[in-house]
Structures are given as C-alpha cells and as structure tokens.
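Below you'll find a set of structures to go through.
In the two complexes below, chain A is the common chain; its partner is chain B in one and chain C in the other.
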Partner chain A sequence: MKRLSLALLVVFLAASVAGAQHIRIGGFGGNDTIIVEEMIELFVRPALEGTGITVQYEPVADDFQRYIINALSAGTAPDLFYMDVLWAGSLIQSGVVEPLNAYLEKSTVLKPEDIIPSLLDAFTVDGTIYGIPKDFNTLAVFYNKDLFDYAGVEYPNNEDTWDTFYAKLEQVAAIDPDIYGLALQPEFARFGALAFAAGFTPFNAEGKSDLSDPAFVEAIKWYTGMAETGVGVMPQDISQGWGGGALASEQVAVALEGAWIIGALKSDAPNLQYGACLMPKHPGTGQRGNFVYTVAWGMNAASAHKEAAFQVLEILTSPEVQQWVLERGLAIPSREALADNPYFQQDDPEAQANYVVFLGASDGNVLPFSFGSYGGDWTGPIDQALSAVMSKQATVEEALQEAQQRLDAVMGR
Partner chain B sequence: MRRRSSQGLGERLAPYVLLAPFLFTLIVFFGYAFVRVFYFSFTDYDLFATPKWVGLKNYLNIFRDIDFTLAMKHSLTFMLVVTTAQTVLALVLALVLNQRIRGINFFRAAYYMPSVTSSVVITLIFIWFFQRRGVMNFLISKFQEYRGIVGLFLLLAAALQLSLVGWEKLRRRPVSLFEPSFLFLSLLLSFIVVFSAVRFGLLTPREVAPVDIIWFNTTKKWPNFLGSLAFPVPLGAIMLFNIWTTAPTFMLLYLAGLQDIPRELYEAAAVDGAERWHMIRYIVIPQLKPITFLVVTMGLIGTLQMFDQVAILGGQAPRQSTITLAYYIYSNIFPSSATPRVGMASAAAMFLAILTSVIVYIQRKVLGEEGDHA
Partner chain C sequence: MPSLQRRRWANVAAIYCFLLLFSVAFMGPFVFALLSSLKDNPTGWPPSLVVNQLKPSNWAAAYRLAKEGGGSGLMGGLGPGGQISFEITYYTQAGQEPAPPEVVIPRRVIGGAAQALRVEHWASDYVQVVDLQEVGREPLEDGLLTTYRFTLVNTAPVTLGEVPMDLTVPMRQQFVSATLAPNRIERLGRTQSWNNVSAGLLPYVFANYARVFRENYSVSTGKQLFTLWIRNSLFLAAVRVLTTLLFASMAGYALARLRFPGRTGIFAFMLFSMMIPGQVTFISNYLVLRDGIFGLSKLFGVSTLLNTYSGLIISGLVGASSVFIMKQFFERLPASLEESARIDGASTYTIFWRIMFPLARPALGALTILTFQSVWNEFFWPLVVITSPADKYPLTIGLLNLQRAYGAATFDWGPILAGTFISALPVLVLFIVFQQYFVEGISFTGTKG
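Up next is the complex of A and B:
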C-alpha cells in the first residue's frame, strides 16, 4: 500500500514537471529589468500560452559576470542568460554554454543568416554558434548643438578628420575655461576606437600586443594632448562618472558614446539639443575606427528544458520583438533586415542617433570589444596609462613603458 | 551502577552537544573550505573543468607575479602602520573617555560611531570626500586662503591670554594657564578684532589657486625618503580611513580593561607622589598588557585580511597602488571578464594563512614573554 502511494506520487510529480516547464532568464538589473519584464509580458507570455512553458526574468544588480560564473559552476544558473562579448569567450571555452547549431537547423523562425554576420561571428567558435546576439552598440560622436551654435562653429559631421574635428573642439573650448570640447574617458573602451582608426590592432600577426606601434602612440598622443591643452577633460575632473554625464552637464560639447547615452540624456538632460555623427576619420589612413559592443543570449548546457528554452530564445530574437526594442530606442537589434527599417529614416534625434550607431558597425576598422581570454585584464594597463598621462603624473612614453610591462605580465600568465 | 554510568556518559556528551551547532558551521564553512582550498592550490582549476594536478606550480607562479609581490608588500606595510596606529589611538581614546565628566556617555557613543557604521557606506562617503573637486581639497584650499587670518586670530588670542594670566600672576593670585574665563575673554576679543579687520577690508584672504590633490587616481608614493619602502598615496588614504574606523572597537576593549584596574593602585601611587604620566607608564600600560595582546592580535589578523575598502575603491585608484593580498586572491578567482584562476588564488590564500599564523606566533612570543617579566 505504502509502495503504491509512493509510486503514484512519483508519477504525479513527473507528470506535473513535464506539463509545466519553467524557463529562467538571467540578465542585468537596472533598466534591463523593466525592458525584459515588459518584453516578456507583451510578447513571450502570449506566444507561449497553452504550451505549459512559464518564463521568469532574474535580474542581477551587481557584476553579472561574477554571478553567472558562480551560478554555472554551482549548477544553479538560469536556462538562458546574457553573454557579453567581452567575457563570452572564457565561458564558451569552459564548455558550459550549449552549442546552438542543432536547434538553429530545426528552427523555422530563427536562421543564422538573419543575424548581422559580424555580430554572430563574435559568438562563433570553430563554426559552432554559442550565442544569438540580442543587440549591439558602437561608438558615435554625440554633440551638444547649443554649445556649437554659441561658439559659432559648424557641427561635427561624417566628413570630419581628426584635424577638422580638433579645430572645431578647440573653438568650442575657447568659449570659457569651464567649457571643454571633448569628454576624455581614460579608457581603452573609448580611446581604442581612435587607435583602430590610426591602424592599431590589439594583437599583431604574432599574437602580441605592441603599444609602441606608431599608430597607437600617435592616437594616445592626440587623445591625451587634448587634456593638456584644455580642449578636452576627463569626466572625473568635472565630477562626472562618464562621457554621458559630462555631456548632460553641458560643460562638455562632445562625448564619444554609444546608443546607451540616449536613455541617459532623456532622463538627465531632457532639454539638451543633441546630434550624432560618425567617428572622425584618421587623416592618414582615411579610416574611422570603432568597437562593436554586443550582448548575446546564451543557453545553459546543463539546462533541464533546452527545447523550451530555445523556443523562448526564438521569441526573444523575433522580428516583432526586435522592432519593438528599436522603436523604444533601447538598443540596436541584431537582425540584418532592420537596416532598411523606416524607423531609422524619421526626423527625430533619437532615431538618427540610433542610425549613426547602426552604421558605425560597418564603416572602417571595426573590431568587437573583446580581447581573447584576457578580458578586462587586457584593457586595465592601458586605462591606467591614459589616466596617468591625463592627470599629469607621467609622460606618454613613461606611461606606455609601464603599461607594456604590465600587459606582458598579463599575457604571459 | 548502570544509571550512574549513563549519567556519566550524558555529562561527558553534554559539552559536545552544546558545541555541535558551532562545530557544524566551523567544519562545513571553514574546515571543509580550507581542505578544498588546500587541494585546489595544487591544481589548475577554472571552476568548471575537473581540476588538474600541477604540483607546486601555482606557488612558483604567484612569486613570479609582480602583482603578488606588490600585494604582499602593501599588506605588510598596511599591517605595520595600521596596527601600531590603531592600538595607540585606541589606548589614548580610552584614557580620555575613562574620565568622569559630564556627558561622557555621549562622547563614548560618538567615538564609537565609525565602528558601527557599515564599512561599505563609509567607504563610499570617503570616496566622495577625496574626489579631485571634493570636500577635502575644498577644505585645504579654504584653509590656505584663510590661514593668515586664522593664524592672526590664534596669535592674538594667545597673546591676550598670556597677558591676562601674567597680570594675575603678578598680583600673586593662583591661576592656571588655561583659566576658562580668561580663555573665553581672549577668544572673544581676538575674534572681534580680527572680524572687524576683515569686515573693513584691512585684512583680505590670500589669493590661492584651488588645491588639486589627486588622492586616488595616482601611482605616487609617500614618504619619499623611505625609497622603495614608501607606500602608494591611495593605500595611505585607505590606511588613514581604516585606522579611524577600527580604533573605536579596540577603544572599547581598552575601556573595559581600564575599569578593571584596582583603584588602590592609583591611590598608592598618588601617595608615593606619582604624576599622571607615571601612573600611565607604570600602572595602566602594564595592567593592560593582556588587552594589548588581544588588540594587537586582532589588529594583525584584521589588517592582513583587509579587503572591503580596496574592493569598493575599485576602479577609482590604479590596481597597483591599492592591491592587498586578500584582494589579490579575490581578483584571481573573479578576474575581470577572464577565466577564473582558482589554483593561483588558492595558493595565495594558503600563503596568506601561513603568513598570518607566523606573524601572530612571533607577536605572541615577543609580547607574551615581555608580559611574563612585567
């Protein structure tokens, strides 16, 4: 009797598990919480009605990468999770991310060809796809129209080279000692795009990083030189955390940022008249440089409901959802078909800024913001060098020598 | 007979039963973790793949890592400076607060505030204070502008006080140098004079450029004459701050110790004509030896494990200017956007554990033996 009831219980439990599949999605906290919750409410839940699949978003407020490493290692990770291109490589290498090729072959909705190839490549290792890019960002020149009007200077535009761009910034900075041309974030994540324009690549043919590369030296001198002449300023020195904050403060005329700045400007400086254009070209190479920042959906290799998780993934990357994301001005979706989207042609600063950011991914020397298995350890020494030079604690040569040593130590580990 | 033996068993078991909850957490969270870390320190492990045995390679690697040597140097400097300063400060605070003055409980509570406030919150406020355009630099600028005026005010007050006291002394009246009523009078007069001088434009603040000291984002070292033993400025800032937040806890221990010193000892010393300083030197300090031992031990362990303030300061200061051993361990397990290096971190953790034990052992030898002689 006892045994029978136990068996019944087991059968009952198994049935209920098969009927209700609970898919957990892990991602960033903050703004993403609202966006993804709304996305799930508007698109995912209606589409999954009757399938018995339930979905829940689990935002992580602090250091997502640390969380996901811990969770995957401990076996408590969500079924679907964000993967930043910066650290996706080390997760994929560890074998905890499910290869998606088999699912993609069967899928009628989601095809690899639909996704912008350069984005997909960033999550493809030896022909195996490990993540579906959800959206991306690049850098663009965001400028305060009022400050340029006040100085009587032409706005930055897509034809600017470093020289003409510098001349414009110089004139704007001349308005007042407390007004600066460019927000100079001491980070490779901004400065690197300029180094790329000059022809620098993080890893040369031998796989080494050479900071004495003339292209790199030229770019760092140009960038940090602006701090010395007062044409630019580090956001930290005007009590701002980043370029967007500096632009919103109206003390700085230009910031090199991605589309993420749009939302921040909307809430922090709603009356700011801003415009956006492509990054300036290097006068020698005639090229622009840029980073592609992208985040993909990855699937947990240890997930109990992989088929259901992929179904959710299909909805999250569907054309309707991506159109919605685009129109909300949240990010630039990863589907190639969106290039001719009427949204981009609107006469609206947000839509135009988004379009500039979209174009940035395919113009000039564009590289993903990822540095092999070194991750943020690779950019750290360069960030420190930039900061040391711009706070006048070291010359460019001294700082680069130190950075090269530290970089060699990181790469030799 | 049987009953007695079972009673004996119960009695013998009782302590273990009572200890069980604590032993359980100790074994699970410390014992087990320690054994795991010990094992991982001999392996190459990234939290996912099965650990690979590599022998002593991790131990050799950490000593080749410039960050590790830096971290060790920082941790040792931090330990020496902070433990010394916080012990002395705690003792001084305790002596000051061990007096019978009105409102002493308020002062005790106020001085204890830094220790009860969350370290994370305090560190954040501290970061704002030390920004390039923060309160600290502002105050220093203001001080430089007004130091002439403030100096004049103080000089004038001192001169007035001296002449008042001198006059009384001439008339052979007993008067202390800090006679409160005179002090009040001289300060007030001095204030009126200086204030009106500023008011009518006779005195103007100096024109100085705003102070622009970079407190965090710097690799500068201090003090220069120590050469390679000098520590980075940001680490110095953390030291100052750490002393301020930890000293009050130790002050509390010293206060408790002070209350335990028998009154007769002071009375006997007073009869022998001892001054206050003699009492401190020959009664208080020797009597407090066991407390000092505890304070120094806890200070050494705490400072060697210093982590949170470095972690929160994070990107504000260059890594090589703040990294400590505990932070080195953490940054190897969770390196920014790279594969975890659990083996290296475990080896460093083992090293830190051994280092701590050795230092505490030495300290016990030194302080403990001195204590026996006293």
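Up next is the complex of A and C:
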C-alpha cells in the first residue's frame, strides 16, 4: 500500500512538472477584478495562444499588503503581484521580490527607458529594478467652476502661487458661511505635497525626519491656518469622508486629489462642472510639490515559472494594453511615450484632468508616496498633528512637538 | 381597591415602555439601515426618513414609464422605438421669465469606468429628445409655476437597460416636481439628474440591491458573483450542518452511552481541545491544509487543500462543542428507552438510528441553527483558505470584496448596505422557522417527552 501511494505520488509530481505553465496574478479585488480580467481576456490570452502558458487573476478581497506578506512567507503567493510604492520597500528588503534587470536586458519589448523615470526609481534599489510600474497618480487642484463663476473669481490655474491661490479661495469662501474654499484633509498624503513645495523632504541628509524644518512649519501653518479662518474646512466637518466627497457636495470649491476623484465625481456628482490644474507654486521656492502614488507589477522570487511570468508582465505593460487602460479612463499608465497621446488633447474635462495628473509627476519637487521601511507608520503622527490643530485641540507648536516625539519613536524601533 | 389596580396598570405600562424602548434600541438601527440601503445617498447628512424610493407616486411613475417605453413595468427597459413622455415643473420668481430645460442623455453608467466596460449600447447614442414644449403655467402670489413636457424616443434596434437623463435650467429657476423624482440635484439647484428613467418598479425601488447583483460579475464566466456567493455560502453551510449533525450525534451517543476503553480519555481530550483558542492552532491548521494533510491529498491528485472547498469542509467537519451538546442531551434521555429495545434484540446501530436519533430532534434542531449561523457568518478561516477566483468566495468574503469595490475609493455605501442586508436574511428566516426547536433545544425540555 505504502509503495503504491508513493508510486502514485511520483506520477502526480511528474505530471505537474510536465504540465502547462500556469501563471497566477495577484491584485486588488473590487473593480480591479473586472479591469484585469478584461485585460487578460482581450490582450494576454490572445498573445499567449500556442505557448502553453495560462493566466489567472486572483483578486484579493482583504487588505492586499497583509495578504501578500502572508502568502509570500507561506509559499503560496502568486507569480506576479501588485506592489504599492508605500510598502514595496520592506518587501524588497526581505528578498522575496525577483530582481528584473536580467529579464529586462533580454527583453525586446520592455525597456527601462520606456517607463517614466520617477516611477521606475520608486521601485529601484541600488540600481536593481524590482517592479515595473503599471500606472500612477499624482495630486492636482480640482475645482468647481460653478462656485468660482458665482463668486466672480478667476479659476485656479498653473501659474498660481500659494498667495494668489489663497486669495481666490478666500473670495469664494466669502459667498456664504456654508461655502468653503479648500477641502483640508488632515493627512500627510495631501498636505505633504505642499510641504515639498516649500522645500521639505521626509528624510534629511542624516536620514532623520525633522518636523521643525522651517519649510515644514511654514507649510503646516499655511494649511491649518485656512481651517481657522474658514477659507478651508476638514471634509469630516461637513460630514464627508474625503476631499472628493466634499467637492461633490458643492460646499467646497477646491479639493487636492488625484485622478481617482474622476470616477467618484462621475457617480456622485455627474454634472459637476469641474476643472483641474497643477498644484500651486510656493512663492519663495517657485516650485510645486507633489506625491507620486504608484503600483507596480512585482515578480515572486520563489515562482516556478519566472520566464513565463515575465512574458505575461511584458504584455501587461505593453503600449497596447496601456493605451486601452488610458482610453477607458481606468488609470494613468506608466509609459513615457503616452505624454503625446491624442487622448490627452481631447476637449473633455476628464481627459484634461488626467493630463494634469500625468504632468504632475514631472513638475517640481515630486517624491513617491513611500517612507522607506516605515511605510504608513511614518505618516501617522503627522496626520494626528494636522487633525489636532485643525480641530483646535492643540497649537501648531504643541502638535509638532508631540508629532516629532512619536515619529522618533516610530523610527527608533 | 382602585389604588392596587392603578399600581398594577402603572407596572404594566412601565414594562411595556421598557420593552418598547428596548426594541427601538435594537430595531432602530436595523430599520434605519434598511431605509438607507434604498436611498440614493445613504450617507446624506442630516439623515432623513423621507426616501424617494418609498413614495407610491414614484412607484407608479417608475412602473408607468417603463411600461410606456415598451419594457416590462416591473423590470424596466426602453424597447426599440419605445417612447417615454416626461413632465417637469419649475418655479420662477416674479420678473424672471422661465426657460425650457436643456435635456441631455449623458454617456454615463452607474458604477464608473469598470462598469462602462460591460455596456454595449449607450442610451446617449440612440435616445432622442423630441417635442419639448411648455404645457402649462400657474401663477402664484409671488411667482410662477411652469410645466414642460417632452418625449424620449429610442431609435436603437435593441432594448436599452439604462437611460440616464440630465436637465439643466438657468440660475434661480427652481425645480418643483417631475414625473419621477430625480436621483440628485446638482449645480446649486440648476441641474436635475436621473440615473435611469426607464428603470421599472423593482430596479427603481431596489436600485442598490440591483447594483449588487448586476455590477459584480465574473468576466471569464459572465455569471453574477453575488448569486454565486450566496450559493457557495448555502452549500458550505448545508454540508457543515449535515456533517455536524451526523458526527456530533454519533460521537455524542457513543460518549454518553457506550462503554469502551479510553472513553473518559477521549472526552477529556475533547474538552481540552475546546479550551485552546482558535488563534493558537490557526497557523498549524493552515500548514496542514497547505501540505494537503501531510501529503494524504496527493492520493486524490491534489497537492494542496488550500483554496479548495474540500479543505474548508474537512477542517470543519464537526466541532467539539457540538459533540458536547449532543453528549449532554443523550445522557439525559431515560436509559429505559434503550434497555427495552436491547431486550427486544436491537443492535446498537438500530438503537441509535431508530430510537435515539429521532428522539434527539430538539437538540439536532438547535444544533442546526447554531451551526448554520456560525458557518454563514464565518469570516476569517474562509478568508485565509479560499483565495481565488472570486467565483469561489463565500458570502462573507464577497461582502469584503464589495467593500473594496465601493467603499475604498468612492465611499459608495448603498450597494454595501444592500449586500449586508441580503446576507442577514437567511439567518433571520432560519431563526423564524426553527424558533421552536431553538427554545426547546436550549432548555432541553425534550427529555421529558
């Protein structure tokens, strides 16, 4: 009996090795399920016909970061997976992500030069590329044209500095006590872009985070000052969860958001007459600041079919697929050549907003939304400080002191 | 003794008030969530109890519009050549001349870009607006009510499922009423917007519920995921109920009545296993499933039991607590029942199936409810074991997926609320059906029968 089962075992093992190569792709659940499966159906399957490679998308309903860390350590992770710039660093550090340089050198269709450099840099450690960015987002100024028209104020534009921007917001907010200029999310994910414009960097030359940096203090005072004067409002104070909701409610004239707001506005406020422009420049430095939020395709270092997985990766990041993604308004893809795409030149607010977000990645002090191996823990203390100041529980100085202490604790761990 | 009577009444009143308060406290959020799941904007603030979807006038209008357009009044649709006539009334202040609304059929689908992939025929390409005219004026004290009428014509050769519509008027011309209440009013009151004017009664009232089913589909098979999730959960629960009833009653009977060596040891071991928190055995269980129960599953051609129903079912065949309940129940049954059967020459097997098992109905009923409810609501273990594709999820994981789809980026709570409500229904039904057993099972009154 024992011998029989052993023999059977060997047969099955042999069968599984000789069988077709099955590539598993792991990514977010929800809408991504429909998008990636459609992408596989339309592009990947036809291209792989006859190669014996099959592809399956495995959407993860749960928190993806937690899932992928667990799956990688349990040895059950998919061959290709999403890698958010926020936590890619710690994953790469632990050595579970396959370096892609060797594959890229051999590839005829995918070259590192094709990808927008600032995106690729976010997944490059010491010259080694660990992920191919699939799409990205940056922040832009989204404004409600009706409110500006009503107030008789010029729309925000690409030439605005903090001062001119503030003056415009102030006039719009003067329409009515229930109308505000800017949606002030108490998050570093929004405010940080302004701090970058003023010259702040999350980590200074010694690798320390210094919140008493004059640039940081100036930015936080300007941002939270708007809550005090009523020029801006926290979305939570008008019972909205985020800037997009606040903009859709027409109580707020401007929100600093990425292209993700477009889909939300389409469903919540489809007739909102919105426009988008680049983030305002800091009057002193003359620079804008911005975040790059991006997700890359990473390859499992323990994958049994790496060559086949890279072949799939090539198709997923091919110009045809990216064109399709762009034209359907699903995301802003990562290839540099898309800058001249006719899609961006359309007379359509959605396309124009996407173009502004696309441009945002290469204008001014742009940093990826990632904080080394600290990930999301790094922003926590600052988010709390912003919230405390804007809900009048602390002064800027008190809040910053507290935040610095907590930040040191996070980084000292 | 009027004072005694009064006191008694006061007592009754106090008790009733207390019960009323209690039920409001418990049922209030439930009812409010149900109302919200029907609304266009479930998180609207301040919250309102007035729901357009619950007004009979809108029901009649939704039914009539769909019927008129050549679709089914209940399920909606604008048939080829179908026509819908629509009326809308605006208020203008004295001195302002009313203007006819600008009617636009936008290229839009509920649910955003991902949903747009599934649309084959856009209403915006086919539906034409004709005969826009003023049909009535009614002077008021300080202003004027003006009513306009227009007709939407479908020039497509196919039935259109979704016909969104936007009406825009100049500033300060206020919307008063329309054939069907708009889903939202935008641009400081200038624009009235409808998601679907030919929705039909059910999709109009249960718009969020319809979205849950329609918008979650599997691209590879084209099937509605939500239906699959419900089916999966029902299947898993049914299997677990069956295995639990079978194994728990057999094991319970053996432990209660049969004398065999090691009986107390097994019982002690079982009790001990109940005392270990699930988190402790969680990782080892996962590894056991990953390796296919020490490689045993390879005999059946499966290298791992992760991401399979077999894994989920095998790891939850029966719980120690179920065996415990059954053991306690059988111990209370009078031994004489069994003894008389044994004298008549019945085997242990016959005694169990013919006498003890039928007698255990109350306990089995209680066990059914408890098991069904726990499997139906089970979340963490299926989340870890079942990973893909989405067709395989049980409902709890499906709901998490809904949260990703609607809650993550856009805070679109309607479909999430609707989905949760659907998931609460089976347990409610089960409790109502098995209520009697539930109470009996808990008090074990069956032993006296």
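Operating definition for what follows: the second predicted complex is superposed on the first by the 394 of 413 C-alpha atoms of A that agree within 3 Å, B and C clash if a C-alpha of one lies under 4 Å from a C-alpha of the other, contacts with A are read in each partner's own complex, and residues count from 1 in each chain.
We adopt the following convention: contacts are C-beta pairs under 8 Å (C-beta built on N, C-alpha and C of every residue); 3 or more make two chains touch, one makes a residue touch a chain.
None of the values given here were measured: they were computed from a predicted structure.
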item: Overlay on chain A: chain C relative to chain B, clash or fit; value: clash
item: Chain B versus chain C as contact partner of A:V109, first or second or both or neither; value: neither
item: Touched partner set for A:A339, first chain B, second chain C, both or neither; value: neither
item: Partner chain in contact with A:E37 - chain B first, chain C second, else both or neither; value: second
item: Residue contacts on chain A - larger count, chain B or chain C; value: C
item: Partner chain in contact with A:G29 - chain B first, chain C second, else both or neither; value: second
item: Touched partner set for A:P270, first chain B, second chain C, both or neither; value: second
item: Chain B versus chain C as contact partner of A:S239, first or second or both or neither; value: both
item: First (chain B), second (chain C), both or neither touched by A:Q65; value: first
item: First (chain B), second (chain C), both or neither touched by A:A20; value: neither
item: Single chain B stretch clashing with chain C - from 9-17, 45-53, 117-125 or 207-215; value: 9-17
item: Common interface residues of chain A - those touching chain B in one complex and chain C in the other; value: 70, 239
item: In the complex, chain A residues that touch chain C; value: 5, 8-9, 12, 16, 24, 28-31, 33-35, 37-38, 41, 56-62, 67, 70-71, 74-76, 146, 150, 239, 241-242, 244-245, 250, 260, 263-264, 266-273, 328-330
item: Partner chain B, residues of chain A touching it in the complex; value: 63, 65-66, 69-70, 72-73, 84, 86-87, 90, 93-96, 236-239, 373-377, 380, 384, 387-388, 391, 393-394, 406, 409, 413
item: Chain C residues touching chain A - in the complex, by the definition given at the top; value: 43, 45, 106, 108, 110-118, 164, 166, 168, 184, 186-188, 190-191, 193, 217-220, 286-287, 290, 295, 298-299, 301, 303-304, 306, 383-384, 387-390, 393, 397-398, 400-402, 404-406, 408-412
item: Chain B residues touching chain A - in the complex, by the definition given at the top; value: 46-49, 61, 65-67, 131-133, 214, 217-220, 318-320, 334-341
